[in-house]
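Consider the two complexes below, in which subunit A is the common component and subunit B and subunit C are the respective partners.
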Partner chain A sequence: MYGKGLRPLSLITAAAVALTLAAALFWAPNDAYLGFLQKIFYVHVPLAILTLCGFVAAGLMAVAHLRTRDPRWDMRSYVAIHISLIFGVAVLITGSIWARGAWGHWWVWNDPTLVSFLLVMLLYATYQPLRFAIEDPERQARYASVFAITAGAFVPINFAIVRLAPAYVHPRTLSNISGNLPGRMQVVFYLALFAVTLLWITLWRFEMTAKHVAAQLRQLQNLVGEASDEAPARRSAAPSLTHAGSVS
Partner chain B sequence: MAPLPLHTAGPYVAAAYIAFFLIVLIYVAIMATKLTRNERTLSELTEQVKRRQRAGDDNGR
Partner chain C sequence: MTRPRSAAVVVALLRAQLRLELRTFESLPAMCLFSVTAFLLFHFGLDVDSLSGNLASGVLWVTLLLAALLAINRVYVADAEQGGFDAFVLSPAERSTLLLAKILVLLIYLVVVELVAVPAFAILLLEPSLWQAMPSMLGAIVLGDLGIAVIGALVGALAVRTQARDLLGPLVSLPLLVPVLLGVARWTAPLFDASRAGAVALRWPLVLALYDAIFGLIAFSLFDFLLED
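Showing the complex of A and B:
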């Protein structure tokens, strides 16, 4: 179901990422202040935007789960958080590399933007252990949804509060993107945002397809009778689609 | 402050882009491993179903 159209989507994503890379490195002009180092902007900022949007989207999917009690929404929320966490790690790494080149430090502890992003990441790093700690699949899904909604609501609040705080070294995101960027930089930035959005959607659908296939296989194993009844069910942080018979 | 010259900024930019692609690559590699495992399970199940069908046919005769 989720795998439908995944191949063309993957090809479009790969093309968009390659085009963005070429445009960022060879077409966008060098920044007057940071020079060539500013090219990291085209990967770092879109990744950060998608990470935070992904967490919010996961919260909305969790709302749908609590409203409908359909475990497929829990799976969608789980995968959205997983992909956003991976993107978040990339944000921290690319940001640290940029910080080292621009400011001479890998990390600056007194900047609210950096520390708040780390806090969001640490908050979401507890999502998987939380799930793993709960054995009953239905209770696990319910608690995880409550977590995803609470943390998802925290993300925009945190973002707004950070914008009100004085900036130390990290520039304020989304205040100087559209206004101050020269034409070609702006085009490349929006292209990068589009490419990273496509990448997020592709990876989300890729993982959803994989999880769906794995759940169908488990169901098939049970039908064939291969899975031993005596073996205890393996505890997992991943949502179970089979417990409510929702694999279709 | 003057911008960093290309030979100084270049490695940072390269490192950032390589880190990004490496993360995506590792993720895809892990997913590919899981896909291979699923494929193996599916072929085992198919084989088991075929064996049962053959056994059922033999009993029917």
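Showing the complex of A and C:
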């Protein structure tokens, strides 16, 4: 059920990413100051937006989990944080490269966006250790949701507060767009945002499908008694989907 | 069974926790000792005899924050290990009273630690006198402590029944406490300035109050879910 429509979605995503890369590399003009390096902007900024939106979405999914007690919502929240963490590492790497090119340093402390992003990443880096440290799957899911909601609320607040610290130098993408980002750059930026959004959704769907297939497989193995001679299930950070009691 | 009045429950929980602390002395002496030791560490580590401005403000608040972690790690341990959670969940009391009691306990701990640590800091490391800055300093202490206590009471409950609570408590709470640190440290930095040149920016009290209020709402709306088993 989860694999439905995954193939066309993957094809559209691959096409959108390819089109974006082509447009960014060959069609968009080079930046007057930064030259070719500025093109990393089409990767970096959409990735950052999607990372943060993914974290907030994971918080909303966790709200749904606590309201409905449906373990599938916990799984969705878990996978959303998982994908966003991977995107976030890419954001830090591309951001560092950009900072090195634009400002001459790999890391710049007086830029609140960079600092608050690192802070958010450090917070979410504790999500999986937290899950891993709780053995009971039901409590693991509940505590993880409490964490996901708290952290999801922390994301926008943190950005607002760190922004108040004076002397920031980060280019404000969205105000740039309304202001003086030239036409082609603007088109490519929105195209990139669209492509990266599709990429996030596709990866999320793939991971969800894999988790569900694995859970179904385990269930079937238990039914035919194949799993009985294996080692007992290890402690895991991943939601199990079977803690409703259907499969022990 | 009639539901007991929440205020009475909070007072009872608070008294129990404080009595426990007075009998075992698990947290407070360690926090005070840690703060003074940390000032020594900064003295030797930074190789300075006196501090002022940003550096003084940062040293003081980082020390208090790290001292608070000691209490955040311990404030629920007795409840988790000696059946306090189970007894509390079985009782007809509102669940959020436990959170409120823990916030108040942490606030009391922090105030006691500050009664030791702030004068010690003023004597050992701070260059300008603290007396003139006292009213604004008190405001920073109140709002800063409130933020630490609210986040500590929530994260402490989240971490205490995990296998690595001594690690997870600090790892989860420190990023959440960075905005509090930013607020109080920037607030008090001009107070510690040798020339008293800088004025206190009004935005830091506002930011701290807003942050405390938001995390208070989050903590009270989520705490029930941590107590369900």
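Throughout what follows, the second predicted complex is superposed on the first by the 232 of 248 C-alpha atoms of A that agree within 3 Å, B and C clash if a C-alpha of one lies under 4 Å from a C-alpha of the other, contacts with A are read in each partner's own complex, and residues count from 1 in each chain.
As a working rule, contacts are C-beta pairs under 8 Å (C-beta built on N, C-alpha and C of every residue); 3 or more make two chains touch, one makes a residue touch a chain.
Small disclaimer: the values here were computed from a predicted structure and weren't measured.
Visitor: Taking the superposition as given, does A:A90 touch the first partner, subunit B, the second, subunit C, both, or neither?
Guide: first
Visitor: So, does A:I149 touch the first partner subunit B, the second partner subunit C, both, or neither?
Guide: second
Visitor: Is A:R139 contacted by the first partner subunit B, the second partner subunit C, both or neither?
Guide: A:R139 contacts subunit C only, not subunit B.
Visitor: Once the shared chain is lined up, is A:L19 touching subunit B (first), subunit C (second), both, or neither of them?
Guide: Neither partner.
Visitor: In the superposed arrangement, which partner chain does A:L130 touch: subunit B (first), subunit C (second), both, or neither?
Guide: Touch status of A:L130: second partner only.
Visitor: Just subunit B (first), just subunit C (second), both, or neither: which does A:I157 touch?
Guide: After superposing on A, A:I157 lies in contact with subunit C but is clear of subunit B.
Visitor: Touching A:V187 in the superposition: subunit B (first), subunit C (second), both, neither?
Guide: After superposing on A, A:V187 lies clear of both subunit B and subunit C.
Visitor: Under the definition above, what is the set of subunit B residues touching subunit A in their complex?
Guide: Residues in contact with subunit A: 1, 3-6, 8-10, 12-13, 15-17, 19-20, 23-24, 27-28, 31, 34-35, 38, 41-42, 44-45, 48-49.
Visitor: Flag every residue of subunit C that touches subunit A in the complex, lowest number first.
Guide: Contact set of subunit C toward subunit A: 154, 158-159, 161-165, 167-168, 171-172, 174-176, 178-179, 182-183, 186, 203, 207, 211, 214, 218, 222, 225-226, 228-229.
Visitor: Would you mind writing out the residues of subunit A in touch with subunit B in their complex?
Guide: Of all residues in subunit A, those touching subunit B are 21, 25, 30-37, 39-40, 43-44, 47, 86, 89-90, 93-94, 97-98, 100-101, 199, 203, 206-207, 210, 213-214, 217, 220-221, 224, 226.
Visitor: Going by the contact rule at the top, pick out the subunit A residues touching subunit C in the complex.
Guide: Of all residues in subunit A, those touching subunit C are 66, 119-120, 122-123, 126, 129-130, 133-136, 138-139, 142-143, 145-147, 149-150, 153-154, 157-158, 161-162, 164-165.
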